[in-house]
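Here the structure is laid out as C-alpha cells; the discussion comes afterwards.
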Amino acid sequence: MNPDPAKIHRRKQLSQRLVFALFTLMSAAIVLVLVVILGFIVVRGLPAINWGFLTKMPENGMTEGGIFPAIVGTFCLVLGSMIFAFPIGIMSGIYVNEYTNDGPVKRFMKTMTNNLAGIPSIVFGLFGMALFVNGLHFGDSILAGSLTLGLLVLPVVIRTTEESLKAIDNSFRIGSYALGATKLQTIRRVVLPMALPNIITGLILSIGRISGETAPILFTVAAYFLPKLPHSIFDQVMALPYHLYVISTSGTNIASSRKMAYGTALVLVLIVLALNLLANALRRYFGKKVKMN
Amino acid sequence: MTTTHSHLDEELQLLKTDTLNMWKLVRQQLSKGKEALVHHDKDLARQVVAVERRVNAYELKIDRDCENIFALFTPVAIDLRFVLAALKINSNLERIGDIAEGIARFVIDIDKSFDPELLKVSRIVEMFELSDAMLIDASKAYEKEDTKLARTLFKRDEKLDEINGNASHVITDYIKTHPENIRESLHILSMIRKLERVGDQTKNIAEEIIFYLEAKVLKHKDPI
Amino acid sequence: MAKDYVKKPKVMAKEVNLYYGDFHALKGITLSMEENHVVALIGPSGCGKSTFLRCFNRMNDLIPNTKVTGLVMVDGKDINDRGMNVDQLRKNIGMVFQKPNPFPKSIFENVAYGLRVNGVSDAKFIAERVERSLVQSALWEEVKDKLKKSAFELSGGQQQRLCIARALAIEPSIVLMDEPASALDPISTAKIEELIYELKSQYTIIIVTHNMQQAGRVSDKTAFFYMGELIEYDDTKIIFTNPKNTRTQNYVTGRFG
C-alpha cells in the first residue's frame, strides 16, 4: 500500500505547527517572567525613589533617608575591580589566544580559567578575606573588596577577550605578517582594533555582574551601616547588594524598611540595565569606528 | 563596462604582423620570379629558391604561434576565428611561396632567354600582375578588416581562369610555329597552371578573411 | 650577436623537503626562477603547490610542527638561515591571498599599513607611495575620491586589487599570489590577470592557480606538482602544447585520475 502523499503532507504540516507553537510559547513565557520581575520591582520601588533617596545618608536605623553611600561604595568597588581585573584579564586573554598554540599550555590555561569561573562566589569571599583582609593586612577595605571582586570576574574577562580574538579570521593576521609586521604590531594594529567592540561589550557585561555580587564583599569590605563616604582605599564602604540584603533581612525594622529595599533593588537593576545599554551603544560605536579607521 | 587592451590582444596583433610580413615576403618571391622569367635572370631565380626556406620557416613560426595562442589563451568568438583564419591564410601563403619557387626552378632549367613573343602570346606577365594585385588587395582587406574589398577578389579570379583556359590553344599554336621552343613553351604552360592556382589560393584567403570578420562560411558556396 | 648568458636566478629552491608533523608535504623540490618572470604553480588540491609558495616568505613558520630542509635562496641568500630577519624577508616578498583580506581600515590606511609597520612615518612619502601603489594595481581611478572610506565598501575584485596595492606599497621585488582570483567573478579575474601581466616588468611573480587557462594566460613558466613532487617545470608554452610527462599531460588535458 502506498502512503497517501496528501496525508503525509498534512501530518508534516501539523507537526511543524505544533513545534513552532511550543517554541513561541516558551519564548513568550521567558519574556513574561522578565516583565513580571521588572514590573514588580518598578512598581514597588518607584515610590521610594526621589532625589533625597539617591543623595542622602541612611537615617533612622536605615528605615529612612537615602542610599547614597551604598551607591558610592558600589561605584568604588566596580572601578577598583576593573582597574585590577581588566588589564590582567585582557593580557592573559591575548596570551592564551595569540601566543600559545594548541597544546598543553593552552589546555592548562583554559582548564584553570574554566575552573576559576566555576568556583562559587562565596568561596571567593572567603579567600579574599583570608588573603587580602587578614593575610596582607588590608583589613575590611575597598582594596580587599575590589581585589576579591576582580578575581571573581577575571575568568570572565579572560574568556571574553579570548573568544573575541578567536572570532577574528586568521587571514587578517596572515595578511599582516606577510607585509613584514611583527606579532605585536599585528595584534596592536589589526587584531585588537577588530576585537575591541566585542571585548568592550563583554567587559561592560562583566561590570554588571560585579555590581550585583554580594558574597565576595561580605567578608572583605561591605559595611552594615556606615553613613559616610570613604576617604581612602583602605576604608570600608556600604554597597548596594549588601545593603539590600541587610535591610531585607536584618534591619532594625524590616517592615518599615521594605520600601527602601525595593527602591534599592530598583536602583541596582537600573544600573545593570544602563550598563547593558551602554555596552550595546559602545559596540555599535566602535563597530563603525573600527571600519572607518 | 570598459574594454581593456589585453595580453591576448597583444598576441593577436603580433600574429597579424607576422602574417602580413609573410605576405609581403611571398609577394616579393612571386615578383622576383616574374623578373627572373622576363629577364632570364638565373641568379635571381636561384635567390627565389633559396628564400623559399625562409618562407617555410615563417610558416612554421606562425603555426607555432597559433598553437600557443590556442593552448595558452583558449580564444573564443572573433578571437578564435581570427586564429583559425590566420592558420589557414598561413598555409595558403606557403603554397603561393611554393609556386614562386616552382616558377624559379623552371627559369633555371632553361638556358637561353624566353622568346618575348611566347611571353606575349601566353599573357603570362599579365597573369603575374593580376595575381600580385589580388594578393595586395587581399592583404589590404586583411590588414584593414575590409570584407568589401575581400569580396571583390572572387570576380578578379575569373580573368586568371580565362587566360589559363586559353593557354592550351595558345601554346599549341605557338609550338606549331616555333617547334624549336617546345621545352620552354611547356614550361610556360606549367607556370600558367601554377599562377592560376595563386588566384585560387587568394580566393581561399579572401574567404578566410570574411569568415573571421563576419563569421560567414563562404567555402564551397557561390560567393555573394 | 646577442650575449649568450644565463641570468642569475632570482629565486631558487634546491632539494626542498617540508614536513607537517609526519606528513611529507614537499619531496625534494628543485627549481629556479628568473627575474621578471611569472611562474605558475599548478596541480590538484593537496599537491603541495601552496605549501611550496609559502616557503619563499617563510609563512610555513606560522604553522606549528613544520620542518623544512634543503635550500631556499632569494637573491642569492639562504632565507632559512639563522641570521635571516623574517620580517625583513616578508617586506621584500609581497603576498596576495586567495580570499581578499583587506584590514578593517580605510582604503588609504590599508595600503599604508605595510609602510607604517616598517617604520615609515613621513606623511608625504606615505601619501605618494599609496597613490603610486593604487595606480600600479589599476585601482586609483576607482578609489581616489574615497580613500578615507572603509576598504570593506569595495567590491571583491576591488578588494583584491587593494590587497595587491597593499603588497606593492612596500616595494617588494617578488610577489607571491595564492590563487588570487579564485574568489572573483570573471571580469575581476580578467582584470587581475592583466594586472599580473603588467606587473611582470617590475616584479618576479609566483602564482598558485587551480585554473589552468589562467596559468596559460599569465605565466612564462609553469611547474606541475603532484603529491608533493615537482613533476615537470618548463616554459608554459611547452607545458601546454607538449608536456614531457604523461601525468602533466593528463592534468592539463583534464584527464586526471
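Going by the order they are written in, the chains are A, B and C; count residues from 1 in each one.
Assume contacts are C-beta pairs under 8 Å (C-beta built on N, C-alpha and C of every residue); 3 or more make two chains touch, one makes a residue touch a chain.
Since this is a predicted model, take the numbers as computed values, not measurements.
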item: Chain nearest the global centroid, as defined over all protein CA atoms shown; value: C
item: A-C against B-C, pair bridged by the larger set of C-beta contacts; value: A-C
item: Gap in Å, rounded to a whole number, between the CA centres of chain B and chain A; value: 91
item: Inter-centroid spacing, chain C versus chain B (mean Cα positions, whole Å); value: 48
item: In the complex with chain C, residue positions of chain A that touch it; value: 101-103, 169, 171-172, 174-182, 185, 189-190, 193-194, 290-293
item: Chain B residues within the chain C interface of the complex; value: 1, 4, 6-8, 67-68, 71-74
item: Touch list for chain C against partner chain B, complex; value: 187, 190-191, 193-194, 197, 213, 216-218, 236-237, 240-241
item: Chain A-touching residues of chain C, taken from the complex the two chains share; value: 57, 59, 62, 64, 87-91, 94-95, 97, 99, 101, 103-106, 109, 113-114, 116-118, 148, 150, 152, 163, 166-167, 170
